[in-house]
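You will see chain A twice below: alongside chain B first, and alongside chain C after that.
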Partner chain A sequence: MNENFKISSSEIKKIKPLNQKEKKIRLENLKLFNQQGFPSRNQEDWKFSDINQIFSKNFKNLESFKNKIKPKSINFIKEFDHNHILMVNGKLENSEFKFEDKSKIKIKSYNDSNFSINNEENSLINLNNALSNNGLFLEVANNYRLEKAIIIYNVFTDDLKDNLLNNKNKIILGKNSELHIVEYNINQSKNKFIYNTIENIILNENASLKTINLQANQNEGFFYKFSKGKMKSNSYYSSFIFSSGPKFNKIDAEFDLEGENCDCNIKSALFIDKGKHQEIKTKINHLVPNCKSYQKIKSVVDAEGKGVYQGKIYVKDIAQKTNAYQLSKALLLSENSEFNSKPELEIYADDVKCSHGSTSGSVDENSIHYLMTRGLSKKQAVQLLVNGFLNEIIGDIKSNSVKKFIENKIEIQIHGY
Partner chain B sequence: MLVIKNLKASINNREILKGLNLKINPGEVHAIMGPNGSGKSTLANVLSGKNGYKISGEVKYLGESLNDIPVEERAQKGIFLAFQYPLEIPGVNTNNFLKTSLNTIKKAKGEKEIDTIAFLELVKEKAKELGIDEKILSRQLNVGFSGGEKKKNEILQMKILDPNLIILDETDSGLDIDALKIISDGVNSSRSEKKSFLVITHYQRLLEYIKPDHVHVLSDGKIIKSGTSELALELEKKGYKKLN
Partner chain C sequence: MKNQNINTNQDYKYGFTTDIESVKAPKGLSEKSIKFISKMKKEPDWMLKWRLKAFERLKNLKEPDWQKPKYPKIDYQDLYYYSAPKSASEKPKSLDEVDPKLLETYKKLGIPLQEQKKLSGVAVDAVFDSVSVATTYKEELTKKGIIFCSISEAIQKHPDLVKKYLGSVIPITDHYFATLNSAVFTDGSFVYIPPNVKCPMELSTYFRINASDTGQFERTLIIADKGSYVSYLEGCTAPMRDENQLHAANVELVALDDAEIKYSTVQNWYPGDKDGKGGIYNFVTKRGACRGKNSKISWTQVETGSAITWKYPSCILQGDNSVGEFYSIAITNNHQKADTGTKMIHLGKNTRSKIISKGISAGQADNTYRGLVDISRKASNSRNYTQCDSLLMGNKCGAHTVPYIKNKNFSSTVEHEATTSKINEEQLYYCNQRGLNQEEAVSLIVNGFCKEVLQQLPMEFAVEAQKLVGISLEGSVG
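Now for the complex of A and B:
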């Protein structure tokens, strides 16, 4: 058995300014975390991703980061017009809204100290409550629809090493507002570090939020993100998750559909290369009638890689006429590839349409042969099939320029395989 | 072009080809006919280099033994197999695939790669000859194509990749008369002194459109009779059984 990882209370003293009340809350949360340690496979939500074991294996010592270092030069996206927000190690550095009415967008560094002291089932929340002191607060006013997408450049500097970063983000969309976000992760560190984010999303009546999360460079980062969303009536949410390259990545999304006629979509294309570990976990709570949710998760797992999908659809007794769909497909490139899938439906209403499915299999040998008879090497053929497998998700992106950009980034990752 | 001597092939300990001999000279069209299970498709697979067969005997292509040459190198050297059942490859754009394929082969031959504009012109010209709607070429490879479209797409690939030895594995199956005519015209217009064809078919019908120089009857893994196109007509009248 591994000894629980303990985080020293001296880490809290690094957070300044800090009043007595806040300090107490943080210390309490840290105590709760230290009692539990990192989540382990004994917990259902973590049974395929035992981070207690994973972190113990990869870290001896963890230190909060002081955030003084400037990033190396960043390749900003030139392929399409966009507003931008620059986050460095989770801290808001600057933002630029060239294409918008600036009075309609509120943006600031987020440091919410009104957090609770609960013994959370997920100890990473206690850890985050104890140590987070950075993040992004973004609010769009009622009736404002942004002209262009916002790209959030999430840069991790090259001096990160054995660091533990805790951050909180909050995104609020006013009634009838619309926002597109591309979260573009750029990792300059060659070393191991942990990034633990909690994100709150509130979509008011008729609001529409479309997000793309892109992780596409080889790195040694360990990422965990918990997104908690609340959707009011007629709101729309879509999330594309494209992830390849990080050592560990778990995206944990829980959405409450609180108003009627909501539409919640989560699609992901994961390329899990050699020795990497990624998980998508979702929970969609249909709490009222007439809402729709749709999830399609596609994963490619290379040798010694591990992929996980845990998806739950909950339908409350009053949530009649719910339409919920969930599908996971995995492509295993080697006998040593592993994929675990746990799709779940929990339905208490009787007039609903819910379906789920899960498949995993290896690359079709006949397809490889067909492509090879056209002169392609086996490697080229597999790359083409992998690309094709993931393209189904990428193809759903509406904007052609964004689609091209993502296609390119993912192709580069696959060709490195 | 192609010399096959005493070729035996087995899969899962079952012998399918039992000592096959065949010689194809440059410019010739050979037809191989035979009943179900006689080993026709196995011959096509083995010539393409497909894994999984245990092989003995000798196959020489342009004077060089193919025994240890992997699938993609055979293609790069100019051997082309038009599949009986072309595979559907989801998510892969037909044009992109064709361009990758062509450039891989050109690169292997030491030729200059083709740029996108020149490639699209080439495809447009060849697609027109075969009556292929250009729209399907920007779709996923063979996905949602009709039987006829799939077979035409095979011939389009043949025309673009410009191979020396072309094996047509039951290209006529599942085709209506109009499609059969278009595909045969496509093959006939590719005939030259430098190219050889091996046409594998059940039926004499295809051979009315693609006139073979030689016809062979394959039965139980061996060629049991060879002749001219008259042999095909005779088979059509009498059936395979009478030959045994």
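Now for the complex of A and C:
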């Protein structure tokens, strides 16, 4: 068995001056983390992604990080007009809202220090509570609909090595507001590091939030993101996850549908290649009647890649007329690829429509044969089919320019195959 | 003929004679009580050693706690691990003393009077016992070379077979309840089908003498040798009177090359009363190994009884081209809880598995399907198809689906589908219109919902099981 990874309490001292109370909370959280270590496969939620093992294989020691250098030049997206926020190693650098009424948008560095000191089942939360020192706070005022999307450039500098970054984000949407976010991760480091984020999302009545999560390049980063969302009545949330690229990535989304007529959507298209490990875990809590949730997860796994989907739909006894759907489809391309899934339903109300499906298998031989008779090589045929498989998700994006941009990104990933 | 003689002897041994009644086992779980069981059963030394090894291992094991239905802690030191058959004086003297509700159910199932007496534990005169029926069957089986006896008898008469296969599918190093069973099991069935023999009839514990007193730690071992076939029935559609609260049985199946085993269970133990008091805990480990090429194991279960049902009949598909099947109906009403499903472990090439699970939940019950499909790296061209449907009646019950799907082989395909819904109002209305009352209508619709599984049951069971489905849901709608 692996020894638990211990983080020294001196790491807390590196965080900017702290008052006694906060210091105590952080120390307490660190103690809880050190007792548990990183989550391992003994824990149900980490059954298929044993990061205790993965991290101890990849890291000898871990240190917090202080910004030393500026990021190299960044290729900003030119394909479509947008507002932007620049984050460097999780710290808010600057932002620009040239298309918007600036009085309606509040943006600042996140520095809430009211953390809990509960012993979390997920020790990464304790770790984050102990060490997080950066993050983004974004709030949109009532009745304001942003003209253009915001792109959050999440840049990681190339001097990151064996570092542990913890940060917290919070996004609040006022009543009747609307926001599109593209979270664009650009990793300039060629080394291994861990990025542990906790994100809080609050959608008030009638608010609408659409997010796209995208990685710019292949890299050696280990990412974990826990998104906790609360949805009030008539709110809308949609999330597109195209996070292929990092060595390890787990997106853990938990949404509480607290008001009636909410609509929660999570869709993903992933191409997981050599030695990469991706997990999407979702938990949708239907707490009131008449809500809708929809999940569609598509993954393509190539050589020695590993894909995981764990999804749970919870329907409370009063949440009648719930409509919940969950689908996971995976293509395995190589002998050593692996896909695990656990689509889970926990239902206490009877007048509901809940269903899920999960498939995994190889690319259809007949389709390959068909394309080959039309003159494509086997490789081209597979690429075409994989492209079609993943494009179904991209097709759901409404904006044409964004859709084109992402199509290109995915195609580059597939061509690496 | 020789075999028959043995059976007559045994009948005597376990008969209701006074000297067995007076035997008392030491209370609690200890080396002493295990030695006592072994001695009572006149077991050879290797068997006792095996039990003690399991007990040694048990000391370091913890009771699992990941399951959905929680139950009050069981005090293992407060149980008797060997109880001699009840004396006639303790049993109800006639059917008049039996719970009238129970009798009503018997009537609905159409069970003959003599059988009713036997089931409700009324002291039955030896004349009425089904011994004679059993012996006729025995003769036919012996002719074909089939061994069908109690496991205790098999330990004495066929030690080589038992040594070779006992614990080969469920090792003593398995989980808590399986290991507990290995240490203290009292009796159960043993079946061996020789090569290329097709068992001419459905084997059932019902026909085996002494089946009613096998106790709470039952152990069943079925071996189908090359090219053979056997269909085994366990349980009974009628509610069984039972003294023990905890049931931790182990069932092991071994299918060699080209062999097929079909194992059907109908379980209708006491589910507790309307408020959830009492009732049996049914914590059973059932596992089959498709050892040989082209072998097949098929589990069919209809689970309607017990306060808590917690079992996962599984298939280990080791042989190339082997097939595993699992058909299940789990009905929970009132405060019953079920956490059941299957494991299909694909190890050989071209292995196939199919899972059809129907869960029905009414009253304040909780019904969980939990299953694992694991396709290992070497299991090329394997296939799995899973379908689990849940039906909810009322908004106080729960239906849950927890499938684990692992695919490590790119040439294999896994498919899983699940739905949750309630009984369609229109269908109910349609049935009512045609003169069916609410209960009949529900029974008809639910039977339709379960049809795919009911079809898999042997004829003898299927008719009764259909009635049982309706009866189990009485009072849940309307």
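In this text, the second predicted complex is superposed on the first by the 416 of 417 C-alpha atoms of A that agree within 3 Å, B and C clash if a C-alpha of one lies under 4 Å from a C-alpha of the other, contacts with A are read in each partner's own complex, and residues count from 1 in each chain.
Please note the rule applied: a residue touches a chain if its C-beta (ideal position, glycine included) is under 8 Å from a C-beta of that chain, and two chains touch if they have at least 3 such contacts.
What you see is a predicted model; the values in this text were computed from it and never measured.
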item	value
Which superposed partner A:Ser341 touches (first chain B, second chain C, both, neither)	second
Residue contacts on chain A - larger count, chain B or chain C	C
Chain B versus chain C as contact partner of A:Phe99, first or second or both or neither	neither
First, second, both or neither for A:Phe76, with chain B first and chain C second	neither
Touching partner for A:Lys378 - first (chain B), second (chain C), both, neither	first
Which superposed partner A:Phe389 touches (first chain B, second chain C, both, neither)	first
Which superposed partner A:Ser367 touches (first chain B, second chain C, both, neither)	first
Chain A positions touched by chain B in one structure and by chain C in the second	none
Sites on chain A touched by chain B in the complex	364-367, 369-378, 380, 384-385, 387-392, 395
For the chain B and chain A complex, residues of the former touching the latter	48-51, 70-72, 74-76, 80-81, 83, 86-87, 89-92, 97, 100-101, 104-105, 108, 140, 157, 161
Parts of chain A lying in touch with chain C, wherever the complex brings them together	44, 47-48, 317-318, 320, 330, 332-362
Chain A partner contacts - residues on chain C that touch it in the complex	66, 377, 390, 392-422
